[in-house]
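A, B, C and D label the chains in the order they appear, each numbered from 1.
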Amino acid sequence: MSNPPIIISASPHIHSEESLKKIMYDVVIALVPAFLVSLYVFGINAFIVAAVAVVSCLLFEYLIQKYLLKTNITIWDGSALITGILLAFNLPSGLPIWMVIVGSLFAIGVVKMSFGGLGFNIFNPALAARVFLLISFPVQMTMWPTAVVNNTQLIDGVTGATTLGIIKEGLMYGDTMTDLSSKIPSTLDMLLGITGGSIGEISALALLIGGAYLLYKRVISWYIPIIMLATITIMTGVFWLINPEQYANPLIQLLSGGAILGAFYMATDLVTSPITKKGMIVFAIGIGVITVVIRLFGAYPEGVSFAILIMNAFVPLINTYFKPRRFGSEIKSKIL
Amino acid sequence: MVSKINQKENFIKGIVKENPTFVLLLGMCPTLGVTTSAFNGFGMGVATLFVLVMSNIVVSLVKNQIPSKVRIPAFIIIIATFVTVVEMVLEAFVPFLYEQLGIFIPLIVVNCIILGRAEAFASKNDVFSSIIDAFGMGLGFVIALTILGATRELLGNGSVFDFKLTSENANTFIIFILPPGAFIALAYLTVIFNKLTSKITG
Amino acid sequence: MGKKKDTFFNMVISLLVITVVSGFLLGYVNDLTMAPKAKARLQKKVNALKIVLPKFDNNPVENVKRVKSEKVKDSIEIYTAYANKNKVGIAVTGSSEKGFNGLVKLMIGFKPNGDIQDIQILDQKETPGLGTKMTKEKFLKQFRGKNPSTYKLKVKKDGGDIDALTGATISSRAFAESVQIAYDEFVKTIDSI
Amino acid sequence: MEYIVILIAAVFVNNIVLSQFLGICPFLGVSNKVSTSIGMSGAVLFVMTIATIVTYLLYQYILVPAGLDYLKTISFILVIAALVQMVEIMLKKVSPPLYKALGVFLPLITTNCAVLGVAILALGLENGSLLKATFFAMANSLGFALALILFASIKEHLELANIPKGMKGVPINLLVAGLLSLAFLGFTGLV
């Protein structure tokens, strides 16, 4: 295998191909529990969507590298695989297959390869593709199979809103949280994943197990996920204390939607998150705040993907202001 | 002044080599702002073409009467006059288009193409060449806006010039008639345009 | 051919001449387009009225009645149509701020007995491809010939009779609310006209 | 409250650059360096606010009473052009380094459609007043600044990236703008 040219990049500093691969496959391992839950809850559909997303991500990366960019083929470095899995995790299990393929094309072709491939993209490919699909096909992207309470398996074709969707719509039309409490799943169901939602976001418990594995393996540092979730908890907690009838409690906010999935697996993406500790803290707080603002006051019931994308855009700025300390001279030339 | 300009080349350059949208990147605001449909893009293009031709004519006619220090304000007044004429005519006779283009009609006045051509070409050349130049540039703009409008309308609404090409309930990429779609569509159209022209010009 | 020199006099004179000429030109064009512009503005309303009302032979725009209401920001407009001196219909504007992107403004034509003749959308900024489908026949036809005294102007989700637009419940609700506001105003004024 | 709505709308929901498409030329052209874009934002904030105040007064107290509102476009652009000249002269004297940094870009503000656009849009504000128009202009220039500075920092970052040949330059810039605009759609419905 020919050595790739030396890459000079701002972030991330990938030490070697081997360690990169190891990191990528650790992430894949961490995602397994959540995927098993979704297979149990959504059945074969979840598998089909995930398989299509992964295969088409790999295929698009291969085709673009081979025929458009004419560079080395790097599809086995694990990054396209993870993009595919994460994209699938952010999609409803009933999404038409062609939309999954279009999403993969957008993630790989537009968000990743147009910038030169792994390490250069500004935005998280899977999330950008998810938002692209959400805005293009709002109907299909917000139809989730509904949990049938006594029979944990879901019935095909019966669709409904997610917990956050029910809350948003209910509050908008004058219901109080007490009125809505019977319509939303119990805390235990949300923890286990017996609820409507995207393939990978439903089971908080499975995601936390995977997250713990990543922390243990030191693939991710705790700053981003913990601070992001803490910000969400504190902010929604304040609103909840002010008016518990108009704002859902922090536990619901944490367990529903993509908060945990986003915190552990997407906000922590090495390429699109800051390099320094301080930078990570600012980044994580930013995501938390924007998520809560969108959830409580915006038109969309869920804001995690938007929040991460918006903060992705801030990463270069954050990196400039929270530069890693360098050894040697600290003389800055001042232009202005 | 005797013109030694090859008028054919003078005309073609605005469409291909110096295409205001794809190559020179001028007049980006209306380009992105109004091209939600092929018709709107075309309408905006024609309105701009008119202002461009008229102001090029007038500027090249009066170029020697204007002291060079005040030429820019003078050009701006000339351009703004024709923009206002377009605004009034559209409101009176094509109210539908007037509503669709909205704020971007008065903003033709700050479209860099027009002041750019007045300054770079019409103020230095005779009337005939200036007209040809304006038509070339204007058409380049019309074509670019129509293509962008058609692309966005096709992807976003499944139609071109309001002619429905997909079934009523087909899923189209709504994002392309929203702001992000404007940027993304233009980005890739520029890539394609550059690829094609580099093939033609070698 | 020499260029005019940059003397102060030349600069002032040339700018002055250009400004005066352009001022007169614009004044002239303004005069020319004044009438067509006014007509174009009216035409939109007249066109909408023609669609939502039964055939009429008076000029409803002339006798428009404006009513202030707490529910809408600008006033509600009421147009009465006559044919052969008989009242054949009343068109009322209704609007709601609760659309996905704010204002949804409609003109609703009622027959004297309260049946909805037809609806025209005057203003909306809903999401293209979703909320904007309210302008489509498929959505509008469910209102025609219905009488809001028996036909519940609410989407089915809220216990009404209206089939909401797919994926655009919020837009549909705003639409329904606008029609309801117009109907309430219609009921209030039907006897007084 | 009304003013908070204007601010949030101008900066996030209907960002002047990312969703209204005003001021695209300086956005794509100028913003190569964060430091330059901060200077440019300052200049735009200054010019936009003063321009809106002057044009608002001009429109409400001269053009409309005289029945000359059709001269709106022409008079507004002249006011803006004159203002930019003044700012240029002032900057030259007050802060030569800043003048040097902004150099060629200052005159570009004249043809920055954001300035004229905001001046015209300010006339259509609900229950408009001079104060509201001024605030509207300032809020929009903040929106402009946010987009410009974010974009500049991303472009600085991309200088090190291995952008494919065909995408280099304009296309990648447009693409970044498109993805930024996509992310900002999340703010839909905040106001």
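One rule holds for everything that comes next: a contact is a pair of C-beta atoms (placed from the backbone, for glycine too) under 8 Å apart; a residue touches a chain by one contact, two chains touch by 3 or more.
Just so you know, these numbers come straight off a predicted model, no measurement behind them.
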Centrality ranking, top chain (CA atoms only): D
Of A-D and A-B, whichever chain pair has more C-beta contact pairs: A-D
Averaged-CA centre spacing for the pair chain C and chain B, given as whole angstrom: 31
Gap in Å, rounded to a whole number, between the CA centres of chain B and chain A: 41
Length of the line joining the C-alpha centres of chain B and chain D, rounded to whole Å: 21
Where chain B touches two or more other chains, by residue: 73, 77, 80-81, 84, 88, 172, 174-175, 178, 180, 184
Per-residue overlap in chain C, given as positions that touch at least 2 other chains: 22, 26, 30, 100, 127, 130
Touching two or more other chains - residues of chain D: 70-71, 74, 167, 171-172, 175, 179, 182, 185, 188-189
Topology of the chain contact graph, where touching chains are joined (line, ring, star, complete, other): complete
Touching residues on chain B, where the partner in the complex is chain A: 171-175, 178, 180, 184
Chain B-facing residues of chain C, complex: 1-7, 10-11, 14-15, 18-19, 22, 25-26, 29-30, 33, 36-37, 39-41, 43-44, 127-130, 138
For the chain A and chain C complex, residues of the former touching the latter: 138-139, 142, 169, 172-173, 299
Complex contacts: residues of chain D adjacent to chain B: 18-25, 28-29, 70-74, 77-78, 81, 110-113, 116-117, 120-121, 166-167, 170-175, 177-179, 181-182, 185
Residue numbers on chain D that touch chain A, as the complex places them: 34-35, 39, 97-98, 101, 149-150, 153-154, 156-158, 160-164, 167, 171-172, 175-176, 179-180, 182-190
